[in-house]
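When the chains are written out, they are named A, B, C, D, E and F in that same order, and each has its own residue count from 1.
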């Protein structure tokens, strides 16, 4: 069995795991109850999707797809910081 | 030939450099004004050159950006219609730039104003010149976003910011609709170029055009069959696009933003919005109905007929609605804004008729309305500038103190209701002829709404001329502003007096060329075979 | 849970309709002729833009005018926002004065932000400048660049950014330079007898003019977002005082 | 094999539908921003599966980042709760 | 099966468009209208990208993986349509520009009137108009 | 050597998938926000950073990717480092904000941040 086939076999286990995890994160985001819970769920969701994107890049055998992961990680962090700042002080900028 | 491509690029280039220039010259108002006049003046020169070129040549002029021919890249395809309207647009923009300086003497932020102004001009010209449906979308967005920002120019007045917000929201919905329509058109026909779309729609009929190119790839490209059911796709796409254009032209179900947005802007901007920006919707509608979907047969004709009927009905409703709403307004600019809705109704009625006569009438009326409506707003703007209020009652009795402005206001009102020697009379006559061919009721709508509008205008005019002034105020006519309105008033008169000549020399050829989709396609194809061989 | 009842009904309707519809739909397996043309010609072929990145080639070469005016839409939006929040010289100075109580986030966040800001500069530049070879380009790189000032605004405050010398006016100048660069690159072919925005014979190397466009767009977009968010970051109290409304 | 792509696409699109619905009916605007961020992330991975890496880069920057930051700014400057 | 999932996806997107239009027209809060508008624009973009997708396996992004003629052959057979993607990038940026401007307008409205609720806003607007006369 | 790298990567991806699922379940089941933060750590560090590094190793070891394996590996490592920094700092920021704005109801035995209120 070549490495490629091993990898595709691996994918058959890993992709459902990730999709299930996404759905569970989404349920947590839906249930809330406070805003920080939602943002935490968004946070986990986006970092995991970044990882998932990297895995899929190998799965699709295309290096071009992976740069989305970096940006997603960066912007998800930005969202955290903004919501935290809004909760700490009313003005985000100051 | 570069003049075609450069016409919309000049103003945007000036707009790009204006913030930097303004920082360099430390916000000197006179220099900024001179800069803006240079920008608009150069554009005027270039569009005049374009006008000459377009009327000198038999076929539409084509400019290929980046040397890419039609379906591959973007082309600007200028026929007589677009060149004519572009000339009017550039001329009005130049005159209004002169007018703006005095009007905004009390306001800060002249550099921002002119940056947006130049952007607006670039967008308007781009809409008129482009030969690509997606480029039309981008250009409509350039126009709209500058318009939204200019409506909100008086940022400390709540009504103008609210009006700008509403305008922006509804405009964003409309353009997104148009974008979906474009997606469907691309899905069905595999192209977004107007000429190429027209070719695919008239595919059996268009086989008369020979492509004399040895290049296989391009041949395949031009002859590719539509992939989806074109009747269904055309129906959905046309419905969505029409909805978007109805929003842009403020026809009745989507009119509500106009009476708030137009009065809230500074008067010169109101003149541009009412005279030129609403034309975007009408022009795009003409392009789709008369160039792309002209002379279609079979089930496609059925789709186009249904669409035309809807357009006519909505146009009639908005003509009557605008006329009635005019009579109960107290705010001068709001009254004029409702009159814009009425005139847009006329234009859509004429566009929907679908005959060559209807198109001629629509084009002539579009031009006349642009000049006269701009004049009306500018003349009213002089009074508003002097008094600082938009309420009719506060303007009472000012007429005798400002003779030139009053004279221009008189000409504008008389012209817009359609009194004989002035320009709009002749276009209304043409509209009447075109509409009575289609249906007597439509002609009746035209007459009734004109009569109601006459009543509304006379009321305003009476108050301004004979009304008792509320309080004595010293007013003086600002020279540069009066000059502009005087020029426009004389233009109105001149167009009126020369109407038969203009109709014969400029309007009829333009209308003829617009309907002739074969020439439109041929211009592209000839260029393609010439570039490739 | 009550919220979910309407959406469940909608999804059920969708599945029902899709069952009806699915017989009539053919899955699309081919590219349209125009798309195929771009795929074949973007690097090889007679109509080449000398870029293996087809989307960037379409954006900045085949349909370059669209992107030029798209950039100007963004430019006009920023100018519109500046018009809406315009300040004269005195008011600008007033807005730059630190208000007494500035809530900054904790040391952990500040330190991490510093590290990430350094990484952002490298990542965004690589996204932008390889735009003609790999996905990305001026806009994508520029928007990644804009994360850096945005993070500083939130984690420290806008005053920290202004103390480093990046205020609204400077951002606007950078933006103007970027835009003028784009316009000049677009008009340069005219001097050599070409068409506006022409790429290949005039810029004869890999990707042609795409790399210049990407670089200038990178500057313009990054600076544009910075200007917008610096304006938004002015505290409400200060702005209300300037405007003379409320309280 | 294409079914796996389509199923992933289906899940993301459904998450997008549900969360846009939630974002629209939610009365706490900050929560609505969170929901719309989830919708944006779902659409981002949909674009990814549709093989559009350029759009993914631009879309993540705009929809996940700029929109959320902008809306947080707007909410912090206006009010947090919607009155129905 | 493929056609079924495909039509479910398309219908879901259309449903999302409908929901967002409901949000724009019916929700009273201006910020909510803005959120709905962003969702509307995004969904329209996704719908257009969907038109360029190919239901084949393997499928590749429209970027030439290596600069050789052999790679081109397989590339043309597998790559998706690049034109809708280019159009959508343009549309995404344009939509963002409009939304930024609208957001600024909302902030300014709140500064001037102290509310972002359409019903209260229309009340205040009528008051202002009445006050002028 | 290649096979070793590949299998290391594969094992890390599997660990990542399992961590992700458990993190998600924890996030769903735990009673309040501060406790959920622990689950979130499993979800982000275990579920994102580990598989990202795993993808990096796996890509280095797999020859079927051809020349692009270095690009994938490099990008994964960079993303991994960013997530490693950003996830922890982001969670910290949220916890700080939640404590400061008193959003979450809880009854701590001792609150070390109490002094930081002002």
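As a working rule, contacts are C-beta pairs under 8 Å (C-beta built on N, C-alpha and C of every residue); 3 or more make two chains touch, one makes a residue touch a chain.
Computed from a predicted model, the values in this text were never measured in an experiment.
Counting steps between touching chains, the shortest path from chain B to chain F takes 2. Chains that count as touching both chain E and chain F, per the definition above, are A, C.
The greatest centre-to-centre gap from chain D, using C-alpha centroids, is found for B. Distance from per-chain Cα centroids to the pooled protein Cα centroid is smallest for E.
Interface comparison, C-E against A-D: more C-beta pairs in contact at C-E.
Each chain gets a centre from the mean of its Cα atoms; for chain A and chain C, those two points are 22 Å apart. A separation of 21 Å divides the Cα centre of chain A from that of chain E.
Centres computed as Cα averages put chain A at a distance of 10 Å from chain F. Mean C-alpha positions place chain B and chain C at a centre distance of 30 Å. Residue positions 68, 78, 82, 86, 89, 93, 96 of chain F each touch two or more of the other chains. In chain A, the positions touching at least two other chains are 22, 35, 39, 41, 60-65, 67-68, 70-71, 74-78, 81-86, 88, 91-93. Among the residues of chain D, those touching two or more other chains are numbered 14, 17-18, 21-22, 51-54, 56-58, 61-62, 65-66, 69-70, 73, 75, 77.
Interface residues of chain D, counted against chain A in their complex, comprise 4, 8, 11, 15, 18-19, 22, 28, 30-31, 34-35, 37-38, 41, 44-45, 48-49, 51, 53, 56-57, 60-61, 64-65, 68-69, 72-73, 75-76. Those residues of chain B lying in contact with chain E across their complex are 134, 137-138, 141, 144-145, 148-149, 152, 155-159, 161-162, 164-165, 168-169, 171-173, 175-176, 179-180, 182-184, 186-187, 192, 330, 389, 391, 393. Chain contact summary for the complex, chain C toward chain A: residues 99, 102-103, 105, 109, 113, 116, 120, 123, 127, 134-136, 140, 144, 147, 150-151, 153-155, 157-159, 229-230, 232-236. For chain A in complex with chain C, the touching residues are 63-65, 67-68, 70-71, 74-75, 77-78, 81-82, 84-85, 88-89, 91-94. Taken together, the chain C residues at the contact with chain E in this complex read 10-11, 14-15, 17-19, 21-23, 25-32, 34-36, 38-40, 42-44, 52-55, 58-59, 63, 66-67, 70, 73-74, 76-78, 80-81, 84-85, 134-135, 139, 228, 231-232, 236, 239-240, 243, 245-246.
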